[in-house]
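In order of appearance the chains are A, B, C and D, and numbering begins at 1 in each one.
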Amino acid sequence: MINFNSLNIETVSMGIGVILFVLGVWGIVSQKNIIKIIISFTIVDTSIHLILVSIGYIRGKSAPIIDAAINKENAANEVVDPLPQALVLTAIVIGLGITALMLSYALRMYKENKSLDINKFKALKW
Amino acid sequence: MDIVKKIGFVLLGLFIVLNWGLLMAGIMRKIIARVSMRRGIKIFQPYINLIKNYSIRSQLTHGIMFYLGPVFRLSGGVGIFLFMPMIYGSDIWNNFSFTGDLILIAYFMFFGMLGMALGAGEGGHPYSAIGISRGLAQFTAIELPLTLAILSIAIQYQSLSITEIVAAQQGSILNWTLFTNPLATGAAMISFLGAMGHSPFNVVMAPQENPVGPPTEYHGTFLGVLQTNRAILHVVEAVLYMNLFFGGANNWIELIVKTFFIYFWSVFVGMVFPRFRVDQSIPWLLKLPVLIGVAAIIVFIV
Amino acid sequence: MIRNSFLILLLAGLGWILFQEFDSFKGSDQLNPVAEYYATQGPQEVGAANLVTSVVVTYRGLDTLGEVTILFLTAAIVGLLFKRESNSETEDIYGTSEILLTAGKILVPMLILVGVYIFINGHLTPGGGFQGGAVLASAFVLAALTFSGTTVKHRVLEIVESFSGISFVLLGILGVVLAGGFLDNKIFSLGTFGHLFSAGAIPIIYSLVGLKVGSELSNIVLVMKSSEKGGDHD
Amino acid sequence: MVSPISSIAVLLGSAFLVGLFKKTSYSFAQMLSLLAIAFPLFVSAQWLIHFIGTSDGAVMLYTAGAKPPFSVSLQIGMAEAFLTLAVNLLGLLSIIYLMKPFKELGVKALALLLILVMGLNVIILSRDIFNIFVFLEIASIALVGLILLGKRKHTYSAGFKYLIAVAIISSFLLVGIAFVYYFGSTLNIDDFVAQNLIVTKGLSTALFLLFIAVLLELKPFPANGWALDLYEAAHPGVGALISGGTATASLYVLYKILPMGADYWSDVLIWVGLISFLGSNILGISQKNANRLLGYSSIGQIGLLVAVIGFSDQLGSHFEAIFFSLFISHFLAKVGLFWLSGWVGKTELTAWSILRTKPWLLLVFGIFLFTLIGFPPFPSFFGKWQLIVDLASEHGFNWIVIILAGSLFEGIYLFRWLGYAIKGEKSTENKPLLDWQTALPIGLFALLIIGAGYVSNQWMPNGQSINLIPVFFILALFVLDFLPAWIKNTISIAGLVVYGYLLYPELSDDTLRLVFAVIFLGGGILTLIAGYSVKGKRAGFFPFALMMFAGLIGLVEADNLLQFFFAWELMTLGSYVLIIRGKRSMLHAYNYMLFSLGGAYLIFMGMAMATAGQSGISLEILRTTAFPGWTYALMAIGFLTKTAALGFHIWLPGAHAEAESDVSPMVSGILLKGGVFGLIVLFLAMGGEQAQANPLVYVLGWLGAITALIGNLIAVFQEDAKKLLAYSSIGNLGYVLFALAFMSNIGWMTAITYSLNHFLFKTLLFLAIGGVVLRVKTHNMHEMGGLIKQMPLSFIAVLIGIITLAGIPPLSGYAGKWLFYNAVIAQGWYFQGAIVFFAGTIAFLYCFKLIYAVFLGQPKDKFRQVKEAPVWYIIPQIILIIGIMVFSARPDLILKPVGELLSGSAYFPTDPLNWESVTASTNLGYWSGYKIMLVIGVMFMVLLGWLLLMSRKAQKIKQFDIVYAGETPFTPGTTHFSHNMFAPLYRAIGFLTLPMITQSWNRVNSTVHDFADSARKIYSGNGQSYLVQILAYVVIVYLILF
């Protein structure tokens, strides 16, 4: 029986992140269709973003933007950690780049021998 | 003692040995003939052959090595004589034995064989080569028991010098190696059979009965030289065995008697036993005689 | 079957590894020193109201440069991959539906506007170069999908992205020359905190990033689009 | 100085700029990119020079005007400067090398390369883990693009496998970084290390993810199928970038983050690295595809480097030098090989014989391979040496075993490959032309290896003790290789003479060494004289001949282990090339090399164990070794491979028989003495007479005896004249081993006499027979016959030779035999002795066969016109005959001083040989070489004169005028009895000569290959199973650790 009071937001998102990570890896190693593998990878990617964000979260603090709501002097006690968010930004872009490349290669492989089954690409081995 | 005198005595000794060798060969031939119910040759037939061969006019040579072969061969025989102390305890008759010991003699035997082999080889006759190959192959097996025996007596007397070995056997007849080290003697006497080239180890000389063996191509003077050498060699080898196993000789008479019996031993066996093929003789020699030789050593190291 | 059970085991192991982390993750109640520095010193040093932006563009500017490079790489490689097809002019074989057409007419200009707004105000409000660029790209893509005639010229996009990329690098070098170091934004005056023209080079950099990202993303999508058209007949 | 950041900016900016150019202005874009890479190259060089010149520490470079950990910071020190230099150089040369493929792909590809180089620079410089992560991604992505260069089959699938693998790995990396930030609240390496946090479960797991991801980037065996496929699919130029570029950067990342982890990470690195090294080298054995093989080899080498990083604590102050030499070897050689394979074009190894069309490329290929294996004078030799020695001092023997085993397996495939290149059958189709874009980078790297070799030699402790003059002399010979043979020959001989002259003073008091110095140098000069008969250039002969002699003489000079091993390997290298020059020598040279390599590693292992726990590496420490049993046994076996003792002899017959006519005497008469000298050094270390009790010595005695017997026996049944001589060498070396094993004064006298004799007569025989073979163009004795008429001088030489060999008085061979009897009886090794004498009588058989079948018997028609052997062969023979005569008449000249040395030494004081004037005596017997010579000489002359007198009228007759029962023969073929001459003997004891040992070695060989072939099936080619492997790797390592 989970004690819901102890379940705070960052723990939940972290948990989801971890679960998603494993699920994504499962998809990668079990799916035969290249496109599905790529999708599984994006899941892994997203899970990492979740993990990063939940690491950066500070209980009950708001977004790290100094505006009317937050006064400049006392920012330190009112905002969450901006660094992980910056990292997430970078991570997203990198993930996007890799995904795009995977898709283009998949497209190429498809054109090469009209199949998206990863078992069909065993020409190089041993 | 000045060198001239020395050489003089050496030559005298050589002359004695040569004559005794020829004579002994004749006697043995006679004995063999009589045993096999023949009249056989004259005792002096070897002399006659020798003289005949030396006086043949026509001489044919196949080339330089054919020429040198007999010289090597004879040098082998004479050399062993030179390095062999003939009469125990006499400076006159110990020849040049001070230059080397038993090992020198053992290895100098190869000298003559090599010369024979090469000369015959140049002769270009396949039978010569066949004879040589058989002879050498068999010789390897013959040497092994002798080697073991020599080792055995070397351990026994802690010396390789023939003179010392003879000296150690003086006194009573029971001091002879024959009695003090019968196993070594046994091994050596078997290999002696091979060395003498009588049956059962005489296939070397008989690729087919006629013409015979390595000397096939030789005739005239060359053959004469070879026969001279054989006469000398047989005596000298007998002397070697005498020195090693039968107490040596204190005078020429003793030497003649002993060598006669030693030589006769090979003839005796030869008359009793049939001829081995080489591929039979080698395994035979490597079995029993070697075992005896090994035993001869073991008795000394345990 | 064996393979599957083996996989299950592996995944269990992976789960176990990650569970260690999850287990020892307790969240946090106040900022760690680094983050505190950003929160307290950030506004003075960088002068950007959006702390994330100050981190992204200035403190960790090198990473951002890397991101931009990655997008550039991706665009370039996709271009290389579909070389042959990409220059085959994209004639529309599906036709465009009325709805799409109308929506496009209205949305494209607005999207462009929003995108530009987002990256220009990147240092004040949520969002920034990447977000804005993405919106911008969506505008171009929508346009390309909608008005079959008007395809954005790759050449133009390439020039835009290269130009913005180079200027980004140059600004970075200017940082070395004029200010504290590579990619330092204090090459221009920080201005008054919280206004549009503040935070030194950040608005410019972010605009450049916006343009670059926009052009690159649209480039990628358009190349792929054209390629899968061309792809049908080879 | 220019900041490295500017070079990053320049690369990036020009990358963006290059993207703008149109196809039309491609050449301009190319020029721009060349300049863009030249700039950072210049910057790194500048920094490197600065750091070498001054002793300054590393310099921090801040970005964004803020200090770390708040902003990303870079650092440049000696290491960074050097590594970036390497990477940038690689980039520059890659652009040149890949000019054509780049042109096909267009400007975008150039941009990719620039960005790749930029990324690698940042990875090396950066101190921020997230920043490193970003640029690792950049590098990987850039590579994914670059593999489109020079498109080959299956590029896309390989690229996809690579992408997905990298994606997974980077996911682990990113998660790891995230949690490292959570627990360490910093991304900066130095900051993290400074905090030295208490290691919690979470933190250690986070670090685990970080480390394992970086390790996976380095493609550890067996989770590396994706990388292998990429190596195979990509253009070799790109393969070079992967193996040389990204690997370099990732290695340095590993080194940077190592302090972050707990101590056990060093061990993890060691095990991961060594498993990679051993595993991928084993699997490489049965690999046929050149590029993929290079992939295997790269992974192996990188594994070794990873292990070295793991060892960094043990290695302490030597770490930099060791890492440098091993890294630079891998970097230069592997990249060079990739480039070469690009020129060869075809993938199967056998196609590399095409290199023969460009001899200097063949040389370069050899340089690369020998660098990989770690032969002197190349850098890796010194690296491996110091690494092993330092590990030994830590008693890390099992690690040493793994490293040496891996190197041995590496040798198995690399030398087969080299064999194909040097001797494989020529591929028929037209050769690829060699343009400057290919030639320049390859040549440059080859030169750099030489330089790096010098650097690491000087850098390594004790490195300076090595005498490099011979090496430089050999290099000079390489340069002069364009000259005609006779000039180079003269230079070489002059070199040996001068060296001997310079060497004499320091050896003059040590007769033992002097004897071997004479054998090596004198023998070298004599055998080189024969070389004058060779017309033309004889390209690539003299450098290696001199290398062999330099190695041999180096053994004599050596007074510390490094010098000895250096010389030993130099000798092996030179002799290998000499041997493989023979016509059908590919397989034999291969066997020779494998046995030499194995032997060398055993010696190496023994030396290492000797150094353990002792200060210094002088040869003396062999005596005080802490592990006498192991040290001596290993080293003994090692040396036995060179002396071809029974069991390790199978390389010798072919190698000696198939070698060129004037090489056979070198490798037989002279080279084998190298092993003998090694044994002498070893036995001296074992400490003289008290070592008689040592069981090892007893075993060696038996081994020597049996070797003598079997060697001679096999020789008897040979039909190939040179094979006969080769087997007889085995037998003779058996005598020497036996005599050495006596560990007594007389025993060693015997051994030295035998060595000297064997040198004299075997060199003589091989020269004579070589001359004959040169004329009659066959090795088969039964095809010859009657040659005495055409070649009297050679005949005399052989006659003298065999008389000496058979030990017949009066020649010096008998000296050996006599000493032998005395030694045996004194020692009490009667049965071994008896076996050896039996062997001696058997030797007589092949002596006769040799001289009879070649020179006597029936002359063959086709050889009636052949001339006497070339005069350049006769001259050394005459000199050798004189040598034999002198040694026979006055053995005391040499044996007296040697005896005095031995009995004077602490080793063999008791019952030495006594000399009065020329007569030697022991307490057993006596022998006077001089008098025997005299007596026999006089007697022989007298008898000859007498016969001449008796048969002065002898007349010459025709060949077939022989007593031939019944008919007359008409063809010499049927009349020349020489084939299978000793058939009866074979029927009697031939079973002893069955090739059982060869068969068992073959069985070992095939077993290894089958294993490798089935083991490499794990790389199924399925991208997904590669991912599973990666995952499994992560999980298993984790479970092992926690």
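Keep in mind that, in the parts below, contacts are C-beta pairs under 8 Å (C-beta built on N, C-alpha and C of every residue); 3 or more make two chains touch, one makes a residue touch a chain.
All values derive from a computational prediction rather than experimental measurement.
Participant: Find the two chains joined by the most C-beta pairs in contact, please.
Facilitator: B-D
Participant: What chain is the most remote from chain B, judged by the mean position of CA atoms in each chain?
Facilitator: C
Participant: Can you work out the whole-Å distance between the CA centroids of chain A and chain C?
Facilitator: Centres of chain A and chain C (C-alpha means) sit 16 Å apart.
Participant: Roughly how far is chain B from chain D, going centre to centre by Cα mean, in whole Å?
Facilitator: 54
Participant: Where the CA atoms of chain B average out and where those of chain C average out, how many Å apart are those spots?
Facilitator: 108
Participant: Taking each residue of chain A in turn, which ones touch at least two of the other chains?
Facilitator: 21, 25, 29, 55, 83, 87, 90, 94, 97, 101, 105, 108
Participant: Name the residues of chain D that each touch 2 or more other chains.
Facilitator: 130, 134, 137, 141, 144, 175, 179, 182, 187, 1028, 1031
Participant: Could you pull out the residues of chain B that touch at least 2 other chains?
Facilitator: none
Participant: Sort out for me which residues of chain A touch chain C in the complex.
Facilitator: It is residues 8, 10-11, 14-15, 18, 21-22, 25-26, 29-30, 54-59, 63-67, 72, 75-77, 79, 81-83, 85-87, 89-90, 92-94, 96-97, 100-101, 103-105, 107-108, 111 of chain A that touch chain C.
Participant: Report the residues of chain C in contact with chain D in the complex, numbered from low to high.
Facilitator: 6-7, 10, 13-14, 16-18, 20-21, 23-25, 28, 32-35, 37-38, 41, 45, 58-63, 65-67, 69-70, 72-74, 76-77, 79-81, 83, 158-159, 161-162, 165-166, 169-170, 172-173, 175-176, 179-186
Participant: What part of chain C is in contact with chain A in the complex they form?
Facilitator: Contact set of chain C toward chain A: 4, 7, 10-11, 14-15, 18-19, 21-22, 25, 27-32, 34-36, 38-40, 42-43, 49-52, 54-56, 60, 63-64, 66-67, 70-71, 73-74, 77-78, 81-82, 124-126, 128, 130, 193-194, 220, 224, 227-228, 231, 234.
Participant: Across the complex, what residues on chain D touch chain C?
Facilitator: The touching residues are 3, 5-6, 9, 12-13, 15-17, 19-20, 61-66, 69-72, 105-106, 108-109, 111-112, 115, 118-119, 122, 126, 130-131, 134-135, 137-138, 141-142, 144-145, 148, 175, 179, 182-183, 185-187, 200-203, 205-206, 208-209, 1028, 1031-1032, 1034-1036, 1038-1039, 1042.
Participant: For the complex, which residues does chain A have touching chain D?
Facilitator: Its residues touching chain D are 21, 25, 28-29, 32, 34, 37, 41, 44-45, 48, 51-52, 55, 83-84, 87, 90-91, 94, 97-98, 101-102, 105-106, 108-109, 112, 118-119, 121-126.
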